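Sharing a structure below in structure tokens format, with a few things to ask.
We call the chains A, B, C, D, E, F, G and H, going by the order they appear; numbering starts again at 1 in every chain.
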Amino acid sequence: MKREELKKVLTDLYQKKITPGQGLETLKTLPYENLDFARLDHHRHLRSGQPEAIFSEGKTTDQLLAIIRKMIAAKSDVLATKLTAEVYKKLKPKLSKKAEYHPASKTLVIRQKKKSPGAGLVVVVSAGTSDIPIAEEAAVTAELFGSQVETIYDIGVAGIHRLLDNTDRLRKARVVVAVAGMDGALASVVGGLIENPVIAVPTSVGYGASFNGVAALLTMLNSCAQGVATVNIDNGFGAGSMAHRINLLGEPDAL
Amino acid sequence: MKREELKKVLTDLYQKKITPGQGLETLKTLPYENLDFARLDHHRHLRSGQPEAIFSEGKTTDQLLAIIRKMIAAKSDVLATKLTAEVYKKLKPKLSKKAEYHPASKTLVIRQKKKSPGAGLVVVVSAGTSDIPIAEEAAVTAELFGSQVETIYDIGVAGIHRLLDNTDRLRKARVVVAVAGMDGALASVVGGLIENPVIAVPTSVGYGASFNGVAALLTMLNSCAQGVATVNIDNGFGAGSMAHRINLLGEPDAL
Amino acid sequence: MKREELKKVLTDLYQKKITPGQGLETLKTLPYENLDFARLDHHRHLRSGQPEAIFSEGKTTDQLLAIIRKMIAAKSDVLATKLTAEVYKKLKPKLSKKAEYHPASKTLVIRQKKKSPGAGLVVVVSAGTSDIPIAEEAAVTAELFGSQVETIYDIGVAGIHRLLDNTDRLRKARVVVAVAGMDGALASVVGGLIENPVIAVPTSVGYGASFNGVAALLTMLNSCAQGVATVNIDNGFGAGSMAHRINLLGEPDAL
Amino acid sequence: MKREELKKVLTDLYQKKITPGQGLETLKTLPYENLDFARLDHHRHLRSGQPEAIFSEGKTTDQLLAIIRKMIAAKSDVLATKLTAEVYKKLKPKLSKKAEYHPASKTLVIRQKKKSPGAGLVVVVSAGTSDIPIAEEAAVTAELFGSQVETIYDIGVAGIHRLLDNTDRLRKARVVVAVAGMDGALASVVGGLIENPVIAVPTSVGYGASFNGVAALLTMLNSCAQGVATVNIDNGFGAGSMAHRINLLGEPDAL
Amino acid sequence: MKREELKKVLTDLYQKKITPGQGLETLKTLPYENLDFARLDHHRHLRSGQPEAIFSEGKTTDQLLAIIRKMIAAKSDVLATKLTAEVYKKLKPKLSKKAEYHPASKTLVIRQKKKSPGAGLVVVVSAGTSDIPIAEEAAVTAELFGSQVETIYDIGVAGIHRLLDNTDRLRKARVVVAVAGMDGALASVVGGLIENPVIAVPTSVGYGASFNGVAALLTMLNSCAQGVATVNIDNGFGAGSMAHRINLLGEPDAL
Amino acid sequence: MKREELKKVLTDLYQKKITPGQGLETLKTLPYENLDFARLDHHRHLRSGQPEAIFSEGKTTDQLLAIIRKMIAAKSDVLATKLTAEVYKKLKPKLSKKAEYHPASKTLVIRQKKKSPGAGLVVVVSAGTSDIPIAEEAAVTAELFGSQVETIYDIGVAGIHRLLDNTDRLRKARVVVAVAGMDGALASVVGGLIENPVIAVPTSVGYGASFNGVAALLTMLNSCAQGVATVNIDNGFGAGSMAHRINLLGEPDAL
Amino acid sequence: MKREELKKVLTDLYQKKITPGQGLETLKTLPYENLDFARLDHHRHLRSGQPEAIFSEGKTTDQLLAIIRKMIAAKSDVLATKLTAEVYKKLKPKLSKKAEYHPASKTLVIRQKKKSPGAGLVVVVSAGTSDIPIAEEAAVTAELFGSQVETIYDIGVAGIHRLLDNTDRLRKARVVVAVAGMDGALASVVGGLIENPVIAVPTSVGYGASFNGVAALLTMLNSCAQGVATVNIDNGFGAGSMAHRINLLGEPDAL
Amino acid sequence: MKREELKKVLTDLYQKKITPGQGLETLKTLPYENLDFARLDHHRHLRSGQPEAIFSEGKTTDQLLAIIRKMIAAKSDVLATKLTAEVYKKLKPKLSKKAEYHPASKTLVIRQKKKSPGAGLVVVVSAGTSDIPIAEEAAVTAELFGSQVETIYDIGVAGIHRLLDNTDRLRKARVVVAVAGMDGALASVVGGLIENPVIAVPTSVGYGASFNGVAALLTMLNSCAQGVATVNIDNGFGAGSMAHRINLLGEPDAL
């Protein structure tokens, strides 16, 4: 897209349809929108088909609302993460009815674009019940971006048969997102069981020497299994987004 | 493979070709080899086409040699990482002439299988010259596993034009491996420039508050760009292996 | 148990009582229960006589209730740890009268199985008064699992005579659980006084450079005394469970 | 000033206008004011033209009020940082109408001195919307101290074109203050784009392995770009003050 | 023993066989030997049947030799850990022929006491080949103290079938010592597979974010499996000693 | 005291005034009081003239009250530290009128013993106004234990003349307690100015990279000045107690 | 410069002097040189007058030599930092006689450009003698870049009079670089004494809880004095470069 | 001393013996000596009777020699710490025969002043044999400064009777220096046993989670015993110097 534009500007110049001054001007106009406190990157959407997500922490209700409205005006799907129930309650009266809020994963979704049938399968697994909120954040993200998503929860390695029983389901996925707190060992075992890539998400579930997810993070970074890469602690969104990008590579028309 | 085997054992039993005792016995025999101090997982190879790599640190010369020989006997490609020049010098007289040692990346490669034309493109980039050894480890790995690999070095963000000039080359890749020490900011900028997945590799290059790569690791884990996942500090092998797995998904016959 | 089952399936196949397809199916059916958000491992109970404990943090009230009900239906003792008084207040109206809540240790116990006389003695000691909640968590756990338990509190090493006076009681125990925050020195001194194993539990009691229990954890990991092993900070449950497993080895019919 | 005073004392002594005892006494009397719980350094103001700022955390409302009153009596501008809205609400009825409270940056400003036209330009940039409060703290500080200030927000490196579009504005500044949380990569890219000094401010924006700003801090300390120095996490005040001091050097009458 | 002595002293006093002064003197004489730079605790040996081990780091060759000789004179078995090959070379000419040096585990053993048939089984497992030295340190210790020991190496969780194949062997052990570096996930999986206690030993094997064993240590401390307790990084001796103490509880004449 | 008792017991035995059994019994009876959840060490008081202080965190109101009452019954002064205003409000109605609560330092004092004129001078200095609560905790402690105490606040090193002006007062002290958060540099400068010992107390005052007092702690531990030793972060009590012990050595009848 | 070029390209296109294809080509050609393993940013030099410095760690001798030669060919001054004496010995025979090696600061300098009289004064101070190497790195850098430089060493705060005696010299500087290890308190005191900016450089001098410079780094980041910003541990080069940039602002023709 | 000088200058001025200019000059001349790379603080010596010690790390042999010679010329005792045997070997030929080198503690002592009988008793204790070098550094320091010193080694708390046997010797000391690595528990127990102050010295003895002395440091900072303050890891010199300062307070003519 951008390349096309650039080519067009240069050709217009060559054909004297525009002046060098106009050329300079045009090259400056990029497809993002300036709200003063935020610059919306609609460009990103055009390029990758993935909406810009809103990281809600540290933003005021007014800022959130302004950003959401601009995204809706731009016909973009809306995904807001780490949005507490308190803030959502304030936003709710001002949002369209299409808005879905997932309290477990603290995500807000407003679907604008007609959903296509969905790319290949992403499987999201969690080690424990307490890891589900982050796993759901990953699942919601990948699904909104256009992946098919299945979830398998509470299959941590301390009861290894619960995990092994699901080997076939894991092997059907193009990408597996493995979500675990505490000892974080799930990613290593899953990585050894399947051939496709695993995105590991440490969670802050645990106490004491879990150090709010550091233990699980280190476990995952040190995974002895091949095909495992890691995102930030509690970063379900990042994992879902990464999984979707990988998933897209497997689509017939990828690249 | 394993599934087939299991089915065969059950069918043989059903047809009374074997006894329950023999069945039990067979189910125990898995395709790995026990060297007492190591269990070679030829199975992994069969399953994913990727050789088991040898992490050389902490292994004696005798152990390394025994493992290499078994892998050669099993017609597997050999990849040994983190192999110092000192240890290689001891191994060299006992290795076949096919053995290639890369001193920069401290990797030993022995190619056994005829090389196929190679899957899609993996591009490995480094922020600085000092990051090249780890970048080479990633490149050697992905190439040996069957990916096409290109490298672009010393394009760190402090001279952003060096990076932007290579945008087109980056966009041609199915996966980009971004290798950086010190501030580790390369991955975030690359992640924002391209649509395909980025595997970020922090390196221990730097001093003081780089804390042997912790600074770069944290930068990468906190990347604001979508589509970035991270492996361990200095884990070029892990990045190359992960990149290849992702790359394979883009092949026409994947899955 | 599992082995028996496996043998039976294979024999049934051999005798054509079932088909290979049925065999495959049966091998998949393991004794755990799937609540979608949790998989209850009744199997663990059958195997070791120890109930699966519920780690309450991060679970919703509904999830807790569903898990408790399934455990009760399975005739298992119920032990929920790290259950705050607030959550308990919500659960209380829906629990049977047998439910005992220990506010100090934040544990909920529902006894289902008739109590046997109890295995050998576990002694739980604490360095200070503020460590009692975690010590109680250990004591409640070991007692529920079937050990005899005695407690000795506030015998930290800064007043060494308080500890030495209890030497005889400590020596009567099969296992000692030593609970301490701050300097965590209790475990080292106890480990040097007795011949039997000591399970050390660091607590988050303290402030400043206690770093929420890290100081005590490191002290215990670096204990110069033989026969000391450590569990996570504030992990009274883990210590009680480990102590009981060790205690069982001393029973006449162990193994 | 102090030097003059000292000279005067010595000359007075030499001319026997005062006795050695009086000399000793005078040398002890320095221009700060003792409130018992605080010693106001009016001297600092005289020396550098910069008011002493009040770090509000850990001070009682009474202490804050007493300090503010003494500063007003001394005709000093007042700047209180890290002042929560709760505390401000208590102070408000007792403050003059000139008091301005900035809730985003948690700063209180009372202007006493007539504003001069303002020294050269300081540009404050932020990576994200959530970093604005700290950026505003820097902007308010530099402006109150006498610099001209412009702000550009939400130009983080994950959408590098948003940053590059502002290159010209950045190059017009004498000093740039770069404020970023999460990956903190903004400072490195800005440092590479401009010739003038960059003051980097890590913020505690983020979660998980951002470790409340440690990730951004390390990134900035490890910046590969020349001309970057760093202040404490969330220390907008320190950055604004430093930027102003540097800015002053560029004034015609500096030094 | 000590109790007997105390009783005897008191009875002797009561019977006026000794004077109060003599009583005081005797109570001071405890069974340890003072080498000025070291106090040998022969008492420990008498009490628990376990020799005092020598931690060799930071001791001079002369100190080591003096300690060894006193232990031999006291008919105690000798176990020196963390003894480098360099130091051993200096000691060797001065040691009896009975001295065995294990270069892998850096342990020196001199057997003095006739070996009894050996208590129940301790199984030592390692995740990788590089963990063997520490695993051997544990095995040598437990064996010298009087346990039967079996070892199973290189059964890390990234190839979970290698571990599962050994389930039966693991279940035959009274105690399992699980030794692992990198992700340290082995202990969690083993803990879930067996009913008896597991002593987890993190090793410093790995690089980057393994932080010399901290990653594995945290994994083990956060193990979700019941019945796991942890010792210091690379503390094979501590694990072997703890395992033996637990093992002894299962002996018919224990307690 | 204890020695006398021991001697008496042995002599009584020798003279057959008591039996060996009675002797054993007596040796067990030490002057502390067992409240089950706490063991009050009145002995400590007898020995050193310093009351046992109550660390209030983690204790219930009932436990606090019981301990206070026992101390009052034992005619001991009462000092409770880290006692929040909330808890004090609950205790207040049940305490004698002699109870003084210091909200700044969160200390409760009940004076029982007639105050002697007081030992030599302890000077407590703070770097900032926000450090005063911890400084007051130190001052209250030293004063209650029997030292004369003076305080000098807000003399941090960023305005070095404020500190230097107080040199004479500092030099008059037998011990100086230096309390500082943030950069913690006060202790180094004071240590270089005076000849007597300095007890350094880091406080958790600050934000960002102060890491709740770790920055100040490290500064103090690394002090280049001689005669500086450090206590835990925010441990005003420990500093006051240590200062008093040192102070006592200077009393004519010390030792 | 770049802007001019861009304008020229666009004008050339408008005037049909070049084709759009040639335009695209030209826009790609930026003034850096590609050595395959390094991209020399001569552009940086043109822009800011400061040579690109070579960070020598992790580069091979051949790489260093190739980079130096290209810089010499480009008429740039050469500055190589963190260059060990061992590596220098290998380089020496191949370097011109103009090359100066400073063993204390491990810097190599080759002057190419005629030295101008030098901008205003930068004063570099060190707390101790052991900090001199890093201080020298800063001094060499600022001097080579064009600043006048004076040094004052061993004036740490534990002997505060040594520092105060130099107040006048410090106040004459446009920028002060304060270099200190251990407690790092120097920067805070200097920052309080002068009005101009201070660049703080923590060094790895010290042991134990200095944690290789972390203590000094934290002290400096938490400095209570205004006008202090910090660079990485041991980053003398960064401080010298930053100081020079600030210094230049004070030159009559700055901006 | 300084006060006297100041008074004299002022009086001289008053009496016109000197001019104000001369007065200014004199006030600048303080009793330290400038070696350019070091400023010797002879003043410190005059003030406290304690020689300035030389921290040898990071100083060249030439620098060390120059400093030593100046100290000898100033009739000061010489104490150099952390001086490796390698460096000493180079210094030795150039030192007087009075120089004593202690290889265990890496200290060099040259006695210049006639030894007085020695102040009260400092007792230095170590937990293990490997802690002796640091304990010796403390002992050498305190003894050189003028204290009587006794040492008791290898009395760590894992064999508590070894420590308790020495209670009487500990109680005779004015100050106890407690040196321990690993679990560092010695200081807490000693602090509880005696009434006089304890200076705790953590050592870097240990491995794994001792983190080079951090474990022992934290234990000591969190000591529950009163009267314990801590110095840096391995800082025997600091402890010896602090102990001597405290010890001096007990001398009849102190203060």
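Note that a contact is a pair of C-beta atoms (placed from the backbone, for glycine too) under 8 Å apart; a residue touches a chain by one contact, two chains touch by 3 or more.
Here the structure is a predicted model, which means the values were calculated and not measured.
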Figure out the least number of contact steps between subunit D and subunit E, where 1 means they touch directly. 2
Give the pair among A-C, A-B or A-E whose set of contact pairs overlaps with that of G-H by over half, matching residues by number. A-C
Larger contact count among A-E and A-G belongs to A-E
Subunit A and subunit D: spacing of chain centres that average the CA atoms, whole Å: 38
CA centroid of subunit A to CA centroid of subunit F, Å: 53
Touching two or more other chains - residue numbers and ranges from subunit E: 44, 128, 159, 192, 208-210, 214, 217, 221-222, 226, 232-233
Inter-chain touches occur between A-B, A-C, A-D, A-E, A-G, B-C, B-D, B-E, B-G, C-E, C-F, C-H, D-F, D-G, D-H, E-F, E-H, F-G, F-H, G-H
Help me check something: in the complex, which residues belonging to subunit C touch subunit A? 28, 30, 32, 35-39, 41, 43-44, 55, 57-59, 63, 67, 82, 202, 204, 212-214, 217, 232-235
Contact residues on subunit H for subunit D in the complex? 6-7, 10-11, 13-14, 16, 19-20, 23-24
The residues of subunit E that touch subunit C in their complex are 44, 47-48, 50, 53, 120, 174, 192, 195-197, 199, 217, 221-222, 226-233, 238-239, 241-242, 245-247, 249-250, 254-255
Residues of subunit C touching subunit F in their complex? 128-133, 153-155, 159, 161-162, 165, 205, 207-210
Give every residue of subunit A touching subunit E within the complex, in rising order. 127-128, 156-160, 164, 182-185, 188-189, 191-193, 206, 208-211, 214-216, 218-226
